[in-house]
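Shown next, in structure tokens, is the structure this report addresses.
Should a chain be cited, it is by its letter among A, B, C and D, assigned in written order, with residues numbered from 1 in that chain.
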Amino acid sequence: MDLLEYQGKQLLADAGVPTPAGDHANTVDDAVAVADRIGYPVAIKAQVQVGGRGKAGGIKVAGNSEEAREHASGILGMDIKGHTVLRLWIEPAAEIAAEFYASFTGMVSAEGGVEIEEVAAANPDAIARVHIDPMLGFHPYHATNLVYRGGIPAEHRRGVSEVLTQMFAAFESLDAELLEVNPLIVTTSGDVVALDAKVTLDENAEFRQELERFREIFATDPQERAAKEKGLNYIKLQGQVGVIGNGAGLVMSTLDVVAQAGGKAANFLDVGGGASAEFIANSLEVVSSDPQVKSILVNIFGGITRGEEVANGIVAALDEVDIPQPIVVRLDGTNAAEGRQILGDNPKPNLHSATTMLEAAAEAVRLAQGA
Amino acid sequence: MAIYVDANTKVVVSGLTGKEGRFHALRNRAYGTQVVAGVTPGKGGQDVEGIPVFDTIAEAVKETGANTSLVFVPPRFATDACYEAADANVDLIVCITEGIPVHDEAPLYSYLRYRDVPMIGPNCPGVLTPGVANVGIMPTEIATPGRVGLVSRSGTLTYQVVHELTQKGIGQSTCVGIGGDPFIGQFHIDVARRFNDDPDTDAIVMIGEIGGDEEERCAAFIAAHVDKPVFGYVAGFEAPPGKKMGHAGAIISGSKGTAQAKAEALEEAGVAVGRNPSEVAELAAARM
Amino acid sequence: MDLLEYQGKQLLADAGVPTPAGDHANTVDDAVAVADRIGYPVAIKAQVQVGGRGKAGGIKVAGNSEEAREHASGILGMDIKGHTVLRLWIEPAAEIAAEFYASFTGMVSAEGGVEIEEVAAANPDAIARVHIDPMLGFHPYHATNLVYRGGIPAEHRRGVSEVLTQMFAAFESLDAELLEVNPLIVTTSGDVVALDAKVTLDENAEFRQELERFREIFATDPQERAAKEKGLNYIKLQGQVGVIGNGAGLVMSTLDVVAQAGGKAANFLDVGGGASAEFIANSLEVVSSDPQVKSILVNIFGGITRGEEVANGIVAALDEVDIPQPIVVRLDGTNAAEGRQILGDNPKPNLHSATTMLEAAAEAVRLAQGA
Amino acid sequence: MAIYVDANTKVVVSGLTGKEGRFHALRNRAYGTQVVAGVTPGKGGQDVEGIPVFDTIAEAVKETGANTSLVFVPPRFATDACYEAADANVDLIVCITEGIPVHDEAPLYSYLRYRDVPMIGPNCPGVLTPGVANVGIMPTEIATPGRVGLVSRSGTLTYQVVHELTQKGIGQSTCVGIGGDPFIGQFHIDVARRFNDDPDTDAIVMIGEIGGDEEERCAAFIAAHVDKPVFGYVAGFEAPPGKKMGHAGAIISGSKGTAQAKAEALEEAGVAVGRNPSEVAELAAARM
């Protein structure tokens, strides 16, 4: 789960990392009121789950109420790499004396473990990485090696070390997959402050983390929003063939063979392992609701997911919701025969069957193009 | 002899008394696998269709000679079962469980590497040595005994390729689904090393996917150390950058981790790369 | 640092482990008052830093004030294996339904790490041990293995597991070398309670632990008390030759050669590495104050401790305090020549020099026996 | 070639700018040891009598080719210096520091075993290969080059035995003081294995002390694996039970861990055991 900047900063602040005090706003008037309350100059920052806001014009400094209104109006509603800006964060504009970059991520290196990706001074060559054994955790020598080898100036070493230690503690206690601060600044008064925060939390840790508070549905695309609400693993793409499959690798491969058959996939949708009939029905409904989808390819190879469940799901979905597009179903693996039997016993006019993945892709593309 | 799993494999199933554990353990046994024990604390002394249940893996190992741990317990308890299996001195852990937090997986990875206990998974379909033993959830009817070793992160994509191979008359020595999580016990490179050393394997089919640099590292390993023919496929040519494609690690960051780059790295290492599951199977069939 | 039972129990209670509520008393009257306040029956327990109190009669149950007075009088002042009982602990007498034993200790096994020694049911064969990797810590599977393999009855497994987990947390957070509960009981009402506590804390961790609060000087032997006050590593023995040396192994060996020379050492005193002149002087003073000491053997082999420092210490001690016994000094190693020079430049009537350890021991024994 | 320390040893000293570190590092250098670097965070760029100081061990290793870490920093920082040295890929750590909490030493022990980095100490006098290199605080004037390897937990007792050997004309290949704490990096058994494999060592002198079962385990190892003559001494025949004799591990528990029992175990393993430092040296002298 990718957090918005202000959510990430709140978590860092909870962990003791100094962050600018600010507030968020969803409207221009609110934004101006917040800016007035904070006092100028303020930074007005688009809250989107994607990098590169600054370059895209999503971060502006306002020196007074008029500028605040102007910038808030300009940024709210902006499209940044396909993300519509629906929320702003307003904070005091910092006087920056020095900028650094710090990041913790779980990566496997030669020996596995957690890597702090980079602690770079303004000079991009000055990058230090350390490998942190997750059994051992973050020790003072890790911080020492990062601040010295990363070229942090003498007067900021203690402050940066302390923030790195706090960041790692937060990285672990929050079940973060990524914790990145860029820039980690030193103000002209000498304070080390996290001026931005990129935090990705692990949804698998939901049983011990309070993730619900961050679960805002910002997707403006109706299929993405519906998929999120139903807990489907859905990614919108640009083609005409809706794709549903089980297993990330198989679905990725299905996108590939659709392209090789001369079409383009409209989406990625992985129903995962052991998906129930209801799950399959929901998936069909979401994919079908996309007006650019001209045909749907269901590619299931059974392991935990059993063929009869998939078939029941398809039959149930077709009974309950109106699926206008032709559906090509390809079923193999565990209980595939039973599944095919169920489909055969419940004939539908728009239901097509294929015996191989390549045939299924070709048929789906043909139907999409013929439609 | 195959790799990881063979006729000497004796499986102890953590979570045997659960729904999925029971279903697949009995299925594995029906295939001919020696499923000798189950473990559920508090249910020691019971049995599941004749498979004795113990309270701890240590007891199961002591009483039954189990040497392979198969883990089906829910995510919040799964890493604990893997630690317990390692401390009970099994030779192999196969962890099927999906949805384990990465901060639980990371120290487990470290511990198992240090202790030198190979783990397949987590979040994987397991290991199938066709005609001999199945430890995990792979559908066995699609596989057939033979001399091609197969390794993949993905479950169902593995099945797809196995299916294609079998349909083309190419049997498999062992099929290994290593799992889609960022911290898995055995990587492509570990499996490739074993296949290369396995006298019953003549060629290797390696299925990669976008994200990370594992395929690139494995390509370097293949170029330097593998003398058997290798056939490859990388899923995700159509995946857009910056989107996590189902698996936690399957994400293109900027221009890094693309299927194209991985396919090229494998080709440079002498691997014959197909552009879809059928093509890689055809390439293998043409050479075998 | 070996804690008294009631100190260890307080630490366990802080860690969440259920322990009986009680109070301590240093006099018979106080003990009776505490017992009256608690209500009968009470257990009256000698607080000494040695095991085997129960067998020695140091634990009694009193059913009323008269019995409390009788037992308190009997136990206070008792000698238990050389330890005089100066303090009592009084707690409600427990109604025991089941008894177990649990212990954590830092031991190196084949692979190093922390061992939980034993969790035994009444049946002494039912002992379970697990090895805990100190990088990994105590995980639920450790508790599971202990309670099942240790034969803890089903109804007590959860409670015992919880206490084991709390004990390990305390073991780590307190920098304990040993944490032992024997017995860990289940009361007739089903509660798991630590009825005794044997806790040894690591004095090397003083920089991060508050050890001063436990540092009560119970030693009744005047030399042991003086040595503790001065921070000397002193153990009283039964012979006539006072022994001072540097390094535990060398001092142990010195005890051996004194015995082989026909004498017996009066004490073990290791001045350690890099001991200053003052430290040496303090050592001589404490050893010399023991009336059973008839001669003193100073056996120094220099490494970190340099010969001139030792010599200066001996000279300073002889200038400041009156040492009636003859002193045999044997000096070797780093700067030994300089040290011998200093001793030669400051002749004292009772100062003897020896060139080898065996000669020094023989000389010290001869002087002790001739005195 | 001696063991642990030889002419190729290049030492980086953690704590070089401290009083003890400076004293002993310069002494080691004066003996002929290659002391190539020091480390004190914040003092990088300085030097101690020509020995360059770095902020981190990694930098020192990179710039000077140091392969051996010698640690003199205070107890609360010492284990961190050892972890840092291991991560900087040195071949050997010698940790002199005394007084490190056992709960800091225990995970370090585990980490170094897993990483396969040998450590001498903590709380030890170091390693001396007479005439070649001294890494630690042993007095060198008492030692002389030769072919007897010596290992002991105790510092000064080691010196005593080395001194006795030298006086009897018996030179030493390497003298190893493994340290008196419960968690030390290398035990008697590890050192005995190396001496047995060392072509420059003809015989081994092993000094034990009361407490634990290390001498017993080493005796079993000697009986099974060591073909060179071994001479032994165990200190503490006069130690009373239940008292910690200076070293954290030196305590007789009940009837276990007595000098008598250890001496007998060694004798049963074919070790010639002396009853004091002079006697063990005499036994060795008589055989060499």
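FYI, contacts are C-beta pairs under 8 Å (C-beta built on N, C-alpha and C of every residue); 3 or more make two chains touch, one makes a residue touch a chain.
Keep in mind that what you see is a predicted model, and the values were worked out from it rather than measured.
**Q** So which chain is the furthest away from chain D, centre to centre on CA atoms?
**A** So the farthest one, by centre of C-alpha atoms, is A.
**Q** When I count C-beta pairs in contact, which pair ends up with more: A-B or A-D?
**A** Most contacts of the two pairs: A-B.
**Q** How far is the middle of chain A from the middle of chain B, if each middle is the mean of its Cα atoms, in Å?
**A** It comes to 27 Å between the two C-alpha centres.
**Q** Using mean CA coordinates as chain centres, what's the gap between chain B and chain C in Å?
**A** Centre separation, chain B to chain C: 53 Å.
**Q** Chain A to chain C: how many Å between their CA centres?
**A** Distance between chain centres: 58 Å.
**Q** For chain C, write out the residues touching at least two other chains, lowest number first.
**A** In chain C, 133, 135-136 touch at least two other chains.
**Q** Quick check: what residues of chain D touch more than one other chain, meaning two or more?
**A** As it turns out, chain D has residues touching two or more other chains at 107, 111, 114.
**Q** For chain C, which residues count as touching chain A in their complex?
**A** Per the touch definition, chain C meets chain A at residues 133, 135-136.
**Q** What residues of chain C sit close enough to touch chain D in their complex?
**A** Spelled out, the residues of chain C in touch with chain D are 50, 106-108, 111-114, 133-135, 172, 175, 177, 202, 204-205, 207-208, 233, 235, 237, 245-253, 255-260, 264-265, 268, 270, 272-274, 300-304, 332-334, 356-358.
**Q** If we count contacts the way the header does, which residues on chain B are in touch with chain A in the complex?
**A** 20, 75-76, 98-103, 106-107, 109-111, 113-114, 125, 137-139, 142, 152-160, 163, 180, 182-183, 187, 207, 209-210, 233, 235-240, 242-243, 245-248, 250, 259, 275-278
**Q** Would you tell me which residues of chain B are touching chain C in their complex?
**A** Residues in contact with chain C: 41-42, 44, 55-56, 58-59, 77, 80-81, 83-84, 87, 107, 111.
**Q** Under the stated contact criterion, what part of chain C meets chain B in this complex?
**A** Residues 130-131, 133, 136, 139-141, 144-145, 148-149, 154, 157.
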